[in-house]
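Shared chain: subunit A. Partners: subunit B in the first complex, subunit C in the second.
Now for the complex of A and B:
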């Protein structure tokens, strides 16, 4: 594992030279935020400001979410005449973010030739909630990383606490099969070995072993606190690239806006379904949830099903056809009702 | 007669009176014509079915099916042309992947798999259409009313 400070300085150099040599007009990365365990997205246009970029275990956001809006197609011919040319964008990507970018390229939401991907071999990021839970009654005032990659937090009684990295790493990272970006133009850090998919499969199998009614009860329990804020949708790069979101339609209004369990369940079912074969399992939705819900409960199953039925893993090959845009005459149809 | 007796007899009456409603999405070219053939051939099938004609099974958005269940349907049946026979060449093939995943998803979430069913019926299969409707309605009747996804607000 390469030291975060070294990664950070190389990242700053890379961003500085990309901007200075005008290879990109915009560079998207992370900067220090005012709260512990967090970073804020940073949009750089001036090379001299590259020193604001940071790299640490709190660089959790999937920055691919900002791409589709930068490459929006003009609404009509008149707009096309006056629209500025699409920008050249530099982007910091972790393994999961790179998969999201690949999925967006596959769907032609973003043009590959306009992107410069600065990949970082990612040792796994910190789940803010896990860290806060590990601190118990204490609130963190500041946090950083020590030489071993563990997190050191200063808490409200003035003492320093060390949190072991593996205890507070995000769930999605524990299941990540490609922490080193599969697609990148520049790679920073020594490649990190991927994990097996076993952890995710075990969670799906554990849920699936329950009878139908117990599963429904667990789903209701999981989502009963959902306030329908749509943060999970907003944080998702693939949802950001979607122009036909059912939530934005009002005639008909597909899903009621309230927190009735019928609407909440419908929302989460449709979200999981629309992400089938697209979800790159970055976990941005789960981290964005203000209620701390396991919003990946259903999409986890979809990813597994897509892999088992069609041998497809989203975000791995930019030239592959998205799985639901393709078909084969011998696709399985065991689910068809026969008289 | 005590209060409990009254309610139990009326419950029993309600249970006897309850008939499942199954919403059927049929493609215009094969399955709707198949249903038509069942009709003109005077083949009897349960009247619990409410048919909605769609241009192609590829037109079906899973949101349709969830909305039917939310609005009180006890079951949903989706039928299109047999694979390879689609009027639009490949609409049902693209749909087949969506249906397979959606069916898995509902079952995973704890919705009974018999509530949402998918099949293929060609324009010449009036008998098959009637048999399938009979089977689906029977299965849904056994499950009882849809209580999970229905919106009661």
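Now for the complex of A and C:
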């Protein structure tokens, strides 16, 4: 694993030269946030400000979410006349973020030629909820990374606490099969080995092994705690790539706006279905959830289905046809049943 | 103003007495381990040493989903409002103060909101003074404080082995009178100890620039700052759904074959749909206008219209923002 400080300084150099040489006019990365265990997205245009970029275990956001809005097609001919040319964008990507970029390129939401991807071989990022839980009754005042890659936090009584990385790493990272970006223009850090394919499958299998009542109870528990804030949808790069969303339609209104269990369940089920064959399993949805819900429970299962039925994993090849746009006579049809 | 004290060891007895008269909600952990106001009995001791709840208590007064009318066979019927009394124990002073802001909107307007008024009347709020503010707290910069009682019926303050309780309203006076046998007279030293704890908490809260915010925001309406600040906003509703003072709502009719309901649900100014006109025009077309609105509402329009901030400094929007946005930073940039 390459030292975070070294990655950070190489990242700053890369961003500085990309902006200075005008290879990009916008560089999106992470900067220090006002609270511990977090970073904030940073939109850089001036090369001299590259020193604000950071790389640490708290670089959790999937920055690909910001790409579709930068390349939005003009709404009409009048808007097209005055629209500025599409920007050249430099973007920091982890393995999962790069998969999202690939999926957006495949879906023609983002032009590859306008992107400079600065890939970072990612050792797994920290789930701030896990970190905050691990501190028990104490609140962190500051946090950083030690030489071994563990997190050191200063807590409110003035003491320092070491949190072992593997205990507080995000769930998605525990299941990540490609932490080193597959698509990149610059790669920083020595390649990191991926997890076995069965890591995510174990989570699905564990859920599926329960009787129907228990499965429904588990789903109900998740749905009834959901506050419908849309953070999971808004943090998702693939959702950002959708031009319209049925949630934003009011004539007719497909889903009630409230928190009745049928509306919440419909929301999560539809989102999981619409992400089938598209979800790159970055876990941004789950980390964005203010209620700490495992909103990936359903999408994990959908990913597994798509892989088993079609041998397809989203975000691996920019020139591949997205699975739901492709048809082959050899496609499995076992799931089609007589009514 | 009655002031009494109760041994912390007798707190369960106190809450059990309230439970005879209605539903009691007290600080506990929910199914996912988050801090929440949970309906008693909790199954474990009531927490006294905590930061604040993930969700603000506003849902007790403005439910996220509320059926206003039911329709059937061409007739509309109002569903009955819950009659039972509710007691919220352990509301933090910031969240209690937020009720004062909501009162301005829902009670001091003409006509007042009957649903809110009903919830407010049947609910007794027992606030618990803060002794351990979080790094995201800034109540002292928006007219509040860790020992403030505004919006609460009773203010409780933790001492070494006792809770000092101060009635703030007739409802609070009545509550303390109803459990008088559990209460003791506090000594002047108790009051002093409480003051010291509150002052110590106050000292831990970093000030945020809010002075002249209405005037400065008026001047900054066209500032390029809004575009820069809103660039990272994802447009989710986390900040406003967790906010104890955000109160915007939507009303929809859900109808099917002549049967259905009229339902009021939380809404949020971060959503494009919030201002989308039937014509297709949207006066707040991008995150820039939407995010500016949120800040303007809290730190300018509220002052102009209601003579108070519509922010109580609880910091939920800062703690839970998926893009780590911090309104304190933007306020500072405007003020500086």
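Here is the rule we go by: the second predicted complex is superposed on the first by the 333 of 339 C-alpha atoms of A that agree within 3 Å, B and C clash if a C-alpha of one lies under 4 Å from a C-alpha of the other, contacts with A are read in each partner's own complex, and residues count from 1 in each chain.
Assume contacts are C-beta pairs under 8 Å (C-beta built on N, C-alpha and C of every residue); 3 or more make two chains touch, one makes a residue touch a chain.
Worth saying up front: this structure is predicted, and the values here are computed from it rather than measured.
Peer 1: Thinking of the overlay built on chain A, is A:258 touched by subunit B (first), by subunit C (second), by both, or by neither?
Peer 2: A:258: touches subunit B and subunit C.
Peer 1: Between subunit B and subunit C, whom does A:40 touch in the aligned arrangement: first, second, both, or neither?
Peer 2: In the superposition, A:40 touches subunit C alone.
Peer 1: Can A:213 be said to touch subunit B (first), subunit C (second), both, or neither?
Peer 2: In the superposed model, A:213 contacts subunit B only, not subunit C.
Peer 1: What is the contact status of A:134 with respect to subunit B (first) and subunit C (second): first, second, both, or neither?
Peer 2: A:134: touches no partner chain.
Peer 1: Give me the intersection of subunit A's contacts with subunit B and its contacts with subunit C, in residue numbers.
Peer 2: 256, 258, 260
Peer 1: What residues on subunit B touch subunit A, complex-wise?
Peer 2: Subunit B residues touching subunit A: 62-63, 66-67, 70, 77, 83-84, 90, 93-94, 96-112, 117-120, 128, 131-132, 134-136, 148-153.
Peer 1: Taking the touch rule as given, give the residues of subunit A at its contact with subunit B in the complex, in rising order.
Peer 2: The contact residues of subunit A facing subunit B are 204, 207-208, 212-219, 246, 252, 254-256, 258, 260, 262-263, 265-266, 269-270, 272-273, 276-277, 298, 301-302, 305-306, 309-310, 323-329, 331-333, 335-339.
Peer 1: Can you name the residues of subunit A that touch subunit C in the complex?
Peer 2: Per the touch definition, subunit A meets subunit C at residues 33-36, 38-41, 43, 61, 65-66, 133, 137, 139, 141, 156, 221, 225, 227-231, 233-235, 248, 250, 253, 256-260, 284, 287-288, 290-293.
Peer 1: Any idea which subunit C residues touch subunit A in the complex?
Peer 2: So the residues of subunit C touching subunit A come out as 30-34, 49-51, 54-55, 64-65, 132, 134-136, 228, 231-232, 234-238, 241-242, 250, 252, 254, 263, 265, 267-268, 271-273, 318-320, 322-326, 328-329.
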